[in-house]
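Notes follow the structure.
Labels run A, B, C, D and E following the written order; every chain starts at residue 1.
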Amino acid sequence: MKKIHIFIFTAISIILILLYTAAGTADIAFLDTFKILAGKLNSSLSGFSNSKEIIILNIRLPRVLLSYISGACLALCGCGYQSVFKNPLSDPFILGVSSGAALGATLSIVLSMPNTFLGLNITALMAFFGAVITVFVVFAIYENSQRNSTSSLLLIGIAIGQFITAVISVLMLLNQDNIKDIYFWTLGSFAAKSWPHLAVVSVYFVIGFCFMMHNSKNLDIMLLGSQEAQYLGQDIYKVRRHILVITSLLAAGVVSVTGIIGFIGLITPHVVRIFTGPMHKKLMVYSVFIGGIFLMTADTIARSALKFELPVGIVTAIFGAPFFIYLIYSSKREVL
Amino acid sequence: MKKIHIFIFTAISIILILLYTAAGTADIAFLDTFKILAGKLNSSLSGFSNSKEIIILNIRLPRVLLSYISGACLALCGCGYQSVFKNPLSDPFILGVSSGAALGATLSIVLSMPNTFLGLNITALMAFFGAVITVFVVFAIYENSQRNSTSSLLLIGIAIGQFITAVISVLMLLNQDNIKDIYFWTLGSFAAKSWPHLAVVSVYFVIGFCFMMHNSKNLDIMLLGSQEAQYLGQDIYKVRRHILVITSLLAAGVVSVTGIIGFIGLITPHVVRIFTGPMHKKLMVYSVFIGGIFLMTADTIARSALKFELPVGIVTAIFGAPFFIYLIYSSKREVL
Amino acid sequence: SNTASSNAAANTAYPLSITDDLGNNVSIDAKPARIVSTSPAVTEILFALGLDDEIVGVSSSCDYPDAAKSKPVLFDYSGPNVESIIQADPDIILSDVAYGIPADTQLLLEKSGIKIVLMTYTSVEDVLDNITLIGKITDKNKEAAALVSQMRSDIGKIADKAEKQEPKSVFINIGGYYTPGADTFINDLIKTLGANNIAQGLGSGWIMIPTEKLIEDDPDVYIDLSAVNSGDLPADKIISNLSAIKNNKYYSYSYSSNETSVISRPGPRLTQALQLLYDDIYGK
Amino acid sequence: MNCVELSNVCCRVDGKDILNDISFAIPSGSMWAIIGPNGAGKSTLIKILTSIIKPTSGEVKINGVNINNLSRLDIAKNIAVVPDNFNTNFDFTVFDIVLMSRYSHNRKSYITNADNAAVLEALDKAKISHLKNNLYKTLSSGEKQTVLLARAIAQDSDVILLDEPTSNLDVKNQMEIMHMLKTLNEEKKSVIAVMHDINLAVRFINNFIIIKQGKIINSGNIKTVFNEDILTDLYDINVDIYKDVNSRFLFMQAEKIK
Amino acid sequence: MNCVELSNVCCRVDGKDILNDISFAIPSGSMWAIIGPNGAGKSTLIKILTSIIKPTSGEVKINGVNINNLSRLDIAKNIAVVPDNFNTNFDFTVFDIVLMSRYSHNRKSYITNADNAAVLEALDKAKISHLKNNLYKTLSSGEKQTVLLARAIAQDSDVILLDEPTSNLDVKNQMEIMHMLKTLNEEKKSVIAVMHDINLAVRFINNFIIIKQGKIINSGNIKTVFNEDILTDLYDINVDIYKDVNSRFLFMQAEKIK
């Protein structure tokens, strides 16, 4: 992992962030974007003087950044899950994070909770707790069963996830007035996200990234299988639990803010692994870059390609899937 | 696999089929059901004299049977996929069958095709072709790539599936009037299904079951891994392709008639494997029974528990997931 | 269904404070000059009140009247385009639950000084109330009152005619055998016509009817709003024995047909919907 | 008739020559050992003989037929393999594992009495009948190796190819297995075994192929191929060879490293 | 001081007694071989010594501390293991594999120069520096075994526990590895190796633990434990023991099966 590569990826990221901030449906000249951005740097404007400034500084910029950080988080979670489960199909939502979050959000909508609680968006808060509680339930069941294999954990996660999804469907059936709200929530989107959301997700990211980098060696060892890992001094059950808890919290954090955004957490680590191989330090650093750039690009297309917004998940899959297949097609290294 | 067990499961199945035929929202006395069924056996009524007879003989009975056969098919597909991929998360739709079918159905709706074509329901027909073409595309990409691992095939399947799902979303976006229809189609349901549907799915089942039983030894050997399987005389690439093609066709056949019904194909083989171990003859026979009984029970609950119908997928997950978790909890044998 | 009812015909006094159907308190400081509608029904009401010029944005489903189609589309089934809405700089957004606004978007828009009023409807009366409310918010009280009284008289006429007919049982399929149950706008339309929606007793909201219930009740009239092409016969053979079909009382309209949008839109055209249903149920 | 015949076989993987111009022929019904240092290419050779790997160039014949014209099933009917190690996570019993070798004989979807009998006989021959219902994955390394041997016996093919079949066996089992191979050979099976334990090999096997760095450096009868020079050359190590009164090779012992 | 001490250890799995009342103590800095027939419980013993399996009863002490009071990390710092076989499907290089043994020394998230140096040195000692960048999964069985040994060296713990470390090695590499173990032992490491090749073991190792059917039937110095009776008894096979002029055990050869 050469320093120069990290520098290049950082530079590309910054350039893209600026370019993407200049893109959008609102009628703002390309150069105006940069003038507004530069103006913000020079003076310390307290309010925004006009709608262009609001759009650039309060809507586009935080949204671009948020999509970047979210992509990075999801890719990082994907790395963690795929290594712990040694299963190429694991994505950040496999232990029920997404359905748990959706249940939390649904409850907040169905129970008509107030919009905010202690200044926090109540839906996001409930989604976060829903996700966290779900993962803990999955874990509790797993650890109290007589099973060691990660397959059992995966399947418990899937079963609980499906169960919760069914419960949500029942809630939707019983509260049809709110169907649209629940549907919007689960769709996953960066629309109308601004600085507070970015702040929250950034905090999750920094904690998650530091933790995962700190555990990169543990993740390497974990791939050797439980017996070897123990020979090399790893308390696999503890490490596995820690990593899954942190990645689940990270996924829950992202999901609670942005809704469910699939594909990126599953595919990014596979794409990166083709180039870096299995050692995690490299794998995770590049996954963060690639995941961030990918999701940010997808969201920019989603919000500016047509007059109306496309769901970001559609764009991710439409562009991501062919790209991924091309990579599988053209490279020789096996995926996982 | 003792004959007596097969006899017991067959007997339970028949008893349940009869009992479930007696259940429903329409106001028909318990005993009347059996009188009507017996009457049909004795005389060869050409038409149905009243709505009770129609309900029992033309609505409930074929629907009960159809849900049984569909459950059996999906469980069988699940066995096939899980063994070929040696991945506990594989379900019958993992290679894109469900999204392909949904795309076919969507096209038939969006393009306003006529209801029937040569006497066949055009949506079902298009769904079938959509599923089949998708699986063939997935295969073509896989076999033309330089890859051998089944993980790559799985990931190609997932990527293509997500891509198609995104395409469907775009089609829905462009044809917003039809959204509901497409949505209802994907939900999966046995509502309004009758003898012709049963006939079609039964044919698929018989062919699929015979093929899979004929290949039960091949599936056993396949679990040993590609090198061992080859030592034992198996042309793994051919066998793998055959099994995946047949299971995919079977899944496509079921999906095209009933829409997408999840969970059962994933969970049933795991449940059965806890009791039978990995040898496929036993595994598949019992999966067929358990899958059939399970889905039939779920659908009976779905259509008769409340005054209105519940989506069968909800019932499957609400009852199936806790049961599965209980089994994982209480038994010691590892799953896959 | 909402709290703005008194003094229907007078001029609105701003600031106006209302509680919308979802319980949000909205205070409107001045007569809105720029209005965005995210719901086709609301759009129809706005045009009916003569607010053509005030409308600065609609949703992609707003296709009536024709003038609506030339308004900027700021909302679509995957949600609102925040950036474009802010650029359109509306004073108020009017919507109904079927076209709701995601919570985050609502917060952001409200922070940018845009008012949002959401309406619900489960009956004909609710729709009339919504018209009155919109009239009040936009200071079109007189126009709204006139429209409502015209509609009331049209509704009354059709209801009177229907009263003289033999009551009929009706089933409406909105797709996949889902049907409007109790507490739905369409159910209320049928009730107004003195007919009996067979799904009424099964539950409220959109529900799926058990096939055997359909056979058992054997409705006199079957209206399908989910046909691929208007006029199609039912795709499922199993229901072709229903008397409605045998007696030519089966009507199918495609999703995109005018009939479907008239019947399912809780706006000023509900009188047309009643007429249409009347014709289908009792004959022309 | 040669049961196995290689002509000018080369094998190149990822730019590395693993086998280089290998040619030999093994007459049906004979018993051979392949010896050579670690990484010489012995296991690769076994994979080429069973078409798991295709040679980069050269020709492989099984019982006179080019291997490319044989289906997997044909190959398995002709050659049974005892791999150097095999593990599985699935809950297969020892019986299941051995039974699977019968699938090349009986392509029907059911198991015949003949299959069952053959499996039980093979387990009996390998003296592991008591492990019949144990899960394969719980066995000790030596037990696993013995099961794989039983599997090869049940497969009942003309040629048995073994990759270090005694590496994890105790002294007694080594003798048992070698005796069994000898018996199989007397029953007209061809036996080809990759072995590191030369002292064991020479007691049972007369014909040797000696490979070093992907090339055959010598092959033929034990008398002609085994002398101190060749062994010293092969392993780059001084060896002492002890002979019996008839000057027959008795055993070798590596001495100090050069 | 004993580096490893077992008192009355029993191990029962699925209703089968695998180890039965095992007690022994190994003084720090000594070199021991564990021998016994297949399925005797040797590998199980290794797993108990590293707490992979918990004994059903009895006590295990590492350097005087009860193993239950030691964390995994403590155990790894005290004991390095060379397992009997290890495979991975992941694309780890030989360097990666050996490097991972350093993680018990350096818990920081980055790799230090000391780590790199230790890995290179271990590869050098095991004479596999040329394989450094090869993928582990492509190695031959002997090469893999050597890499695992290099890994144990880089782990740099007091005790090295080896499960059949020479089973897949050629004659020369067997000698090299045994010499290396001897050297490590001279550098004050304790070495405990499960071995089937008694002739090799006796040339390098003086202390033996002999296990049969989960019980220790003899242990101690080579002079006291090795005689024809014990070996005959151990394997149920007649053995000839050859001794040198000083009546020192030279080698044994299994004769005809009883």
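As a working rule, a residue touches a chain if its C-beta (ideal position, glycine included) is under 8 Å from a C-beta of that chain, and two chains touch if they have at least 3 such contacts.
Computed from a predicted model, the values in this text were never measured in an experiment.
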item: Count of contact steps on the shortest path from chain C to chain E; value: 2
item: Minimum number of chain-to-chain contact steps, chain A to chain E; value: 1
item: Most distant chain from chain D, judged by the mean position of its C-alpha atoms; value: C
item: Chain pair showing more contacts of the two, B-D and B-C; value: B-C
item: Homomeric contact chain D-chain E: same or different residue positions, threshold half; value: same
item: Centre-to-centre distance between chain E and chain B (centres being mean Cα positions), rounded to whole Å; value: 52
item: Where chain C and chain D are represented by their mean Cα positions, the distance between them in whole Å; value: 80
item: Inter-chain centre distance, chain D versus chain E - centres from mean C-alpha coordinates, in Å; value: 27
item: In chain A, residues with contacts to at least two other chains; value: 173, 310-311, 334, 336
item: For chain E, residues contacting two or more additional chains; value: none
item: Multi-chain contact residues (two or more partners), chain C; value: 60, 76, 78, 207
item: Pairs of chains satisfying the touch condition; value: A-B, A-C, A-E, B-C, B-D, D-E
item: Chain B-facing residues of chain C, complex; value: 60-61, 76-78, 174-178, 181, 199, 201-203, 207-213, 215-216, 218, 226, 228-229, 232-233, 235-239, 241, 254-256, 260
item: Chain A contact footprint on chain B (complex, rising order); value: 87-90, 94, 141, 144-149, 151-152, 154-156, 158-160, 162-163, 165-167, 169-170, 173, 262-263, 266-267, 270, 310-311, 313-318, 320-322, 324-325, 328-329, 332, 334-336
item: Residues of chain D that touch chain B when the two form their complex; value: 50-52, 71-73, 75-77, 80-81, 83, 86, 88-92, 96, 100-101, 103-104, 109, 155
item: Contacting residues of chain B [partner chain D, same complex]; value: 213-218, 220-221, 223-225, 227-228, 230-236, 277-279, 281, 333-334, 336
item: Of all residues in chain D, those that touch chain E in their complex; value: 13-14, 36-39, 42-43, 84-85, 87, 138-143, 146, 164, 167-176, 179, 196-199, 231, 235-237, 239, 251-254, 257
